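In the part that follows, the structures are each spelled out as structure tokens.
There are two complexes below, and they share chain A, which is joined by chain B in the first and by chain C in the second.
== the complex of A and B ==
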């Protein structure tokens, strides 16, 4: 294979999810139902809805990308989202916190939760799968205890028992009533993560640990510290998604976010990040999340049977992972 | 792969996406704020797409609700019904309704997963002039056209009275297996039952949460039966848990000495009516899906240009071995 041809093939695989996203997008345009000559899929309202709908999963998936890059996994993110949503609601409604203190406290809780999981995994040497499976149960239990087992409704106003009106912005749109704020937050988080993974020494450590942990340790990478930090980031982002969840739905419910960990992992995998670690990118994850979002949307707009939708989504995930296997190893 | 080409590719895609997104802003000019039903009706000559947003198709009761809607809608030639399944996720249900709005449906039927999280998006639909039929579970506020549902407290009360008057008229000791802790139907079926047995000689000596699930009901009943040698009947908040309790009693060799009462009476092969017919349950109470009534309301609103009541409470029906066969046949078009 010529050098040039290899470069082309490499590019194709490297940006598989971006090309996949474009392919699914084009397919969505082609299969879009139309009304009065206008393609429903391409209406700006609909496109922003797509991004809004994936924003929570997308934010979680960005954190999950870091974890999977070091060869780990975090099953607790959906439950941490639920805990954060409940925490936000309880702090704002029952405890009369302001928006900023409540948000900061919840983010801190998510960070600490992640850090503890990272420590259990890195220092005690317990497998990440087990640690975060336990974390899932613990976060769910905490959420049920905090909320008394019921959804905590968020009403807005100035009085006691009412959340500051500013928090309701999370469920609203900006820029001419068009761009949903959760989507903006997702794009900002993604941009920061992409920049972070491009420029920092931390990112080299992340890839090194995922590639070969023992070699990384021998070459002086602070493996334990990096691992703890990565799980901390993942917990922090799950908490951020939980705050957005509470804002969008005006409620924090202890059952929120059930199964979101699997959607996030799916976005990461479709995005071309290897579950074995060491290979992948946040760009890919963002594309993967959007791809799944566009797919969900176009299936719904075409009124595909919900049961068949599950089937198609499953096949797409397998196909994306299958394509990765064909990738020539560097 | 260099860093530069990655940035170039990212920018290229971002530009592609945003240029597409910006190309079609014309659609978004808001319609006037009309209030639901008013001008949706164009009579019998129209064709109407109804969006049905279901909270969770994994529950047999909700699958039956969808089926009832599909069956009833077949009789109205002007109607096409599209179904969405939120898989018990509030956020997914919000997206489902948003997608229906994009499709410009003519009427929304929704059985909300929970009230508060769905209120805003239901109001959005209603404010666009789309009539909204809310089924089984309510939303907050009053931005909907009509609510159709049954009264869980009343059903619980009737179950209590049946227990007190028919099953154990001499009084006795019973156990209660509840639905998911914290859920409104579980609270109401419990409170109503307590009212129904008030003043009788019946004492609830054991309660447990069965989370609406057959296997959980079985496990809880198993523990209750071991701890209480003298209970005479078990009241469960739904039929699957009552069936689970029956299985536990059978395993303990006590199914002949105990009586079992459930709620829901779904007219499906695995439902409560068949369980009563087969003698496993003593009685069950119909918790109607409201599917047929929802389509009738849609027909009134869209085709007949008629008014519908703001709220419709559906009646329950007692199912015993005497009427189980008839009710089952009738519910399935027999």
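== the complex of A and C ==
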């Protein structure tokens, strides 16, 4: 293979998920139903809806990317989302917290939950899969205990038992009613994570641990500390997604977020991050999340049977993972 | 067996390319029944590719391979094994969780009447097999518990159990002790006498002189020389391999060592949890002065690696006894990170396991130890990062296309230089090296010695653990010999021979025997 061709192939594979996103996007345009000669899929309302729909999973997937980069996994994120949603609702409605204190407290709780899981995994040497599987049960249990097993409805107003109106912004749109707030938060989180992963010393340590943990330790990387921090970040972002979830639905339901961990992992994998760790990017994850979102959207627009939708999604995930096996350096 | 006098294996016009890179170019190679044929060449010269073609691992090559006069084309290693060709890879393909016996009979376990595995027969046959090769191992022990050297012996036993008439050995002795090497050579000689052909790949000249009949040298994928192995000199072979005349392999001494950097006195470690196969320090005394290269000798399992790991904060957790002084101050690093801060740096034994993230770029691997020092408020300035990597890569003359290429695409010697470069970038006071030239070709070896000499010249203290007596005697100023985790001897290398070192390593009556054995085989100068 010539030098030039190699470079082209390398680029194609490096940005595989972006090209995949473009391909799915083009397909969506082609298969889009139209009304009054306008393609439904391409309407700005619809496009921003796609981003809004993936924002919760997307934010979780950003955190999951860090965890998977160090060769770990976090199965607790969906349950943490549920716990955070319940926590937000209870703090705002029953405890009369202001928006900022409530949000900060819930984020802190998510961070602590993640840090504890990170410590159990990194210091006690229990496999992340098992620690976070246990974490999933614990978070779900806490959510049900806190809420009494029922969804906690959020009513807005100034009176007791009512949440501050500011919290309802999470269900609104900004920029002339164009951009949904959750979509904006997702894009900001993603941009910060992309920048962080590109320039920070911390990210070099993250990749090194995923690439070869032993070598990383012997090279002076504070492996335990980095791992704990990564699980902390993941828990924090899951809590953020939970707050958004509560704001969008105007309630905190303890059973919400079930299966989100798998959707997030799917976005990460479709985005080209290796489950074995050490290789991948947040750019890929964002593209992966959007790809799955566009796919969902176009299938829904065409009224495809939801069960068939699942089937198609499954095939796309396998295809994406299969394509990565073709990388020349594999 | 071969038909009449024809060669057992004949490879004619064999070529193989990877992308644009020609790994093998029009190679002719014959292997006769009953001979040990050494294959020499630098890393990347095409030895492994050629052998992988022979053992059916690579199938899309040009040229002919014939076995006992009949042209063959294997579809897979299993095909080749059925035809009687077995290869022992450098990277051992053993399953750590399975026992010695289960590994040896993996995929062809003896069965009972009911098609279940006949474990008793398997263990018995393994015991016979091991006894035949003089290996004292319990067939029921999990392979993962064995030391690397013992694992290597299991891999050899496995190859033997295939009753191969062609046996390919890729650096089989790299992790063996001297006694184990001797035992293995006996086995090889017997196999050859029984009519097998053996291809023997090694970087150790003295071994080739002892065991091989013929030697073929590859360079850049082509055969460049053939020698009578018994008469070949190390210099001839080295020159054929590198294609230029090799100056001196070992560094030239001549500078005065300075103040004492490291003083270890009676160091012993009582681990909190004993790990099988580990030899913790049990009374180690070592000292290193500024600008000095000090060796750690001793047999496999004498505790060389464990000593370096302990000093670097990467050893077993547990209680320390004795003193470790760094520049006169007592230290006890509890993690590699702390050790690096104290001015220690470490080049571990197995670069693929503990040294490198092979899929990551040369850049990322080189600067890993200093990224947080380069960072300003947690942000790494990309330019300074790349600059540091380029500087060290140039200084160490690492051969590469771009620092962005995965480090795994470099040859072994260049990979080793990347690990060394990372250590040097931390500007250490004391450099700890564990087998820094294992699996590295002659040219790169000489360069690494030169780099160590240069580091010492700048006042860095170097502590080098090695299993190669020639390396210790040739490179070091002094050598401390360990036996059973204890320092048993300090040797001044001027005026000491490899035999002295060997004798001290083995101790007692065994030493005399070893020297006798070595003398009869002509390795004592």
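Just so it is clear, the second predicted complex is superposed on the first by the 329 of 330 C-alpha atoms of A that agree within 3 Å, B and C clash if a C-alpha of one lies under 4 Å from a C-alpha of the other, contacts with A are read in each partner's own complex, and residues count from 1 in each chain.
In the analysis below, a residue touches a chain if its C-beta (ideal position, glycine included) is under 8 Å from a C-beta of that chain, and two chains touch if they have at least 3 such contacts.
The model shown is predicted, which means the values in this text are computed figures rather than measured ones.
A.B. asks: Is A:6 in contact with chain B, with chain C, with both, or with neither (first, second, both, neither)?
C.D. replies: Once the two structures are laid over each other on A, A:6 reaches chain C alone.
A.B. asks: Look at A:217 in the shared chain and tell me whether it touches chain B only, chain C only, both, or neither; answer first, second, both or neither.
C.D. replies: second
A.B. asks: Pick one for A:22: touches chain B only (first), chain C only (second), both, or neither.
C.D. replies: Only chain B is touched by A:22; chain C is not.
A.B. asks: Who does A:208 touch here: chain B (first), chain C (second), both, or neither?
C.D. replies: Only chain C is touched by A:208; chain B is not.
A.B. asks: For A:200, select first, second, both or neither according to whether it touches chain B, chain C, the two together, or no partner.
C.D. replies: second
A.B. asks: Looking at the overlay, what does A:279 touch: chain B (first), chain C (second), both, or neither?
C.D. replies: In the superposition, A:279 touches chain C alone.
A.B. asks: If we count contacts the way the header does, which residues on chain C are in touch with chain A in the complex?
C.D. replies: Answer in residue numbers: 19-20, 312, 314, 335-337, 339-340, 346, 348, 353-360, 364, 367-369, 371-372, 374-375, 378-380, 382, 406, 422, 426.
A.B. asks: Considering the complex alone, what residue numbers of chain A touch chain C?
C.D. replies: 1-3, 6, 199-202, 204-205, 207-208, 210-212, 214-222, 278-279, 329
A.B. asks: Which residues of chain B touch chain A in the complex?
C.D. replies: Listed in rising order, the residues of chain B that touch chain A are 1, 3, 5-6, 9-10, 13, 16-17, 20-28, 57, 82-85, 87-91, 94-96, 98-99, 102-104, 114, 116-117, 119-120, 140, 181-182.
A.B. asks: Give every residue of chain A touching chain B within the complex, in rising order.
C.D. replies: Checking each residue of chain A against chain B gives 10-11, 14-15, 18, 21-22, 25, 33, 35, 38-40, 42-49, 53, 56, 148-151, 153-154, 171, 177-178, 194, 198, 245, 248-251, 253, 255-256, 258-259, 281, 283, 287, 296-297, 300-301, 303, 305-307.
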